[in-house]
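The two complexes that follow have chain A in common; it is paired with chain B in the first and with chain C in the second.
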Partner chain A sequence: MTIEIKKESAALVVKVTGRMDAVTAPEYEKKVNELIAEGETNVVVDFEQLEYISSAGLRALLATAKRIKGKSGNILLANIKGGVKEVFDISGFGTIFPMHDSVASALSALVG
Partner chain B sequence: MSGTFNKIFAANLDKLDEITEFVEECADHFGLEAKQKFGLLVALEEAFVNICSYAYPNNGGMVEVTCHADADADSFVLEILDSGSPFNVLSLPDPDISLDIEDRDIGGLGVYFIRRMTDAVSYHRQNDKNVLKLVLNRTS
Partner chain C sequence: MIKIEHLSKRFGNLEVLKDVTVEIKTGEVISIIGPSGTGKSTFLRCINLLDRPSGGSIRIDGVDILDPKSDVPKVRQKMNMVFQSFNLFFHLSVMDNLTIGPIKLLGMSKQDAEHKSMDLLKLVGLAEKADSYPDELSGGQKQRVAIARCMAMDPKIILFDEPTSALDPTMVSEVLSVIRRLAKDGMTMAIVTHEMDFARDVSNRVFYMDEGIIYEEGTPEQIFDNPQKEKTKTFINRIRSFCYHITSPDYDLYAMNAEIETFCEKQILPVKTRQNLILLVEEMLQICNPLLSTILLDIALAYSEKKEILEVVFEYTGEAVNLLDKNLLPDELGLTIIQSVTESIDYSRLDNKNRLTMILKRV
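== the complex of A and B ==
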């Protein structure tokens, strides 16, 4: 898994490439928690290049979402598709996370 | 796919990539469709992580995986074996997936995926081992 971070005016865009599994998900959680600790309140997670996710990945997403919500912030997800989408649908996570078809759409929702 | 493919791994999360790669190769050999393979690999990870976390409190255990096609070659069968204390992961209840993000307890989601990502799943004890059997039916 690799994580790329890009600063946009409305939010920080976190692009995750590869696998979010039991081994790699803690890296995501640690990184995003650091960003939240630095004061970020709006994060868009771009899953365009995410190949795989398991319950460990969802657990990490949930942990960061709870943390940012505690600071009145938002985590929005973009570009969820294929097998990853099925994992979201089956788990019910598809209904608890705001999901967008593109990063641009997520960013404009934040500017709203 | 003819024959049975079998491999033993240390019950350690460091081996997740290796066990995934092995089962993925077996699934490709069988010709499992991409969507099913994704589900199979999620179910495998959930089962493997569970064994790594709970089966061997004193570390040092092994996980054995066996892949084969059923007699008609209509189904892909993955068996995951461990030598821990008798434990049926399928005895765990499903999570409440309707709860709001604030109230959600993530526990139980792994076994939920094991059930939902497979066409059939069963547990039995054999030769003092826990055997979790996952079956995916060929769709084309």
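== the complex of A and C ==
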């Protein structure tokens, strides 16, 4: 998995590429926790290039979401599709996280 | 022809063959099947003394080849072996690969040896490759040359050690058809193989090896259609199978995934099935993870083409416990995902091991 971070005015966009599994999910969690510790309160995770997610990835997302909520922040997910979306739907995570069709839509939701 | 009694073989503390007693008669074609690591290849290697047995006796036409007084090279000339990796002499032409044995060991004249070799090359369909070198041949052609080379020594029996395992799927049939032809001509053969349709088709008898013994033997119909013993049944049900052993929490997820992908490709399974399978296995491993330093976990995949069923079996040591018992799980996330990609999940306890058998949903 690779993680790219881009600063937008409304939030930090974290683009994840590849696989979010038992091996890589801790990397994601560590990185996003660092960003939260640095004071970021709004994060959009872009799943456009994510090919695979397992419960390990979902748990990492949940852990970071809880942490950001504790700081009155928001974590929004964008571009969830295909097999990754199925895992969200199966697990019920689709209803836990606000999901957006695009990063732009997630960003405007934060502004709006 | 070959009478083997109480054959055993140890490598240090590892007892690979425990007590093999069996007889192979002239003209029989024996297929030796069974899971990896159960001593099939060692059994063949012991028969022609590539590995020295630790105990027991092997009589070939009445001569005990383990008797220090017996003329082993002479007895050994009665049998020859075809290996998974061909073992051709790469610096010799195809013709020279075939003639070197008869000239040097049987004292045959070059002319006679070449004449005979050409007949054998015709038999395996490679007469036109007589002057080629092994590097110029495909895997299937190399193995056919190896079979012809075996025949050049006029063996009474040929031992085949997984002759098609190193071949591309496209080349398997050309090698199997040569072996079928030898069977038709009455050649005595013992064949370790994972090609079950071939084993069923070509053999007079099938040996199922497990736990270092010939666990069950019978006609192909008995072994493949009506196996009597538990492990044979399990194996036959998992004929198109793959097995991965996990012995520590530091297992390599990606190496395992790559092997699962390869298995799925061989079975020509849809991409979605592969994805669901990899997800299922990872979820199960996550659930097992806290225990992986204390238990051994085997993951077996078996695809039945006829039934179009992909079965996934997780077999683990330790006390009797169903790791998917809701009451034992910290949360149901992994279980929910596993349930969503499977048609059925069954827990059983067998041979002091726990077994979770799952059937993947069709996509």
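One rule holds in what follows: the second predicted complex is superposed on the first by the 112 of 112 C-alpha atoms of A that agree within 3 Å, B and C clash if a C-alpha of one lies under 4 Å from a C-alpha of the other, contacts with A are read in each partner's own complex, and residues count from 1 in each chain.
Here is the rule we use: a residue touches a chain if its C-beta (ideal position, glycine included) is under 8 Å from a C-beta of that chain, and two chains touch if they have at least 3 such contacts.
No experiment lies behind these values; they were computed from the predicted model shown.
**Q** Please tell me, clash or fit, for chain B and chain C sharing chain A in the overlay.
**A** Superposition check on chain A flags a clash between chain B and chain C.
**Q** Hey, is it chain B or chain C that touches more of chain A?
**A** B
**Q** Regarding the shared-chain residue A:Ile3, is it in contact with chain B (first), chain C (second), both, or neither?
**A** neither
**Q** Output check: A:Leu35 vs chain B and chain C. Expected answer is one of first, second, both, neither. What do you get?
**A** neither
**Q** Is A:Ala109 touching the first partner chain B, the second partner chain C, both, or neither of them?
**A** It touches nothing on chain B or chain C.
**Q** Could you say whether A:Lys66 touches chain B, chain C, both of them, or neither, answering first, second, both or neither?
**A** In the superposition, A:Lys66 contacts chain B only.
**Q** Looking at chain A, which of its residues have contacts with both chain B and chain C?
**A** Of chain A, residues 21-23, 52, 54-56, 58-59, 83, 87, 90-92 contact chain B in one complex and chain C in the other.
**Q** For chain A, which residues are in contact with chain B within the complex?
**A** Touching chain B from chain A are residues 21-23, 52-56, 58-59, 62, 65-66, 69, 82-83, 86-87, 90-92, 96-97.
**Q** Using the touch rule from the top, collect the residues of chain C that touch chain A in their complex.
**A** Contact set of chain C toward chain A: 253-254, 272, 275, 278-279, 282-283, 285-286, 289, 333-334, 336-337, 340.
**Q** How about chain B: which of its residues touch chain A in the complex?
**A** 13-14, 16-17, 34-35, 38-39, 41-42, 45-46, 49, 97-98, 100-102, 104, 106, 109-110, 112-113, 116-117
**Q** Where on chain A does chain C make contact in their complex?
**A** Interface residues on chain A, with respect to chain C: 21-23, 52, 54-56, 58-59, 83, 87, 90-92.
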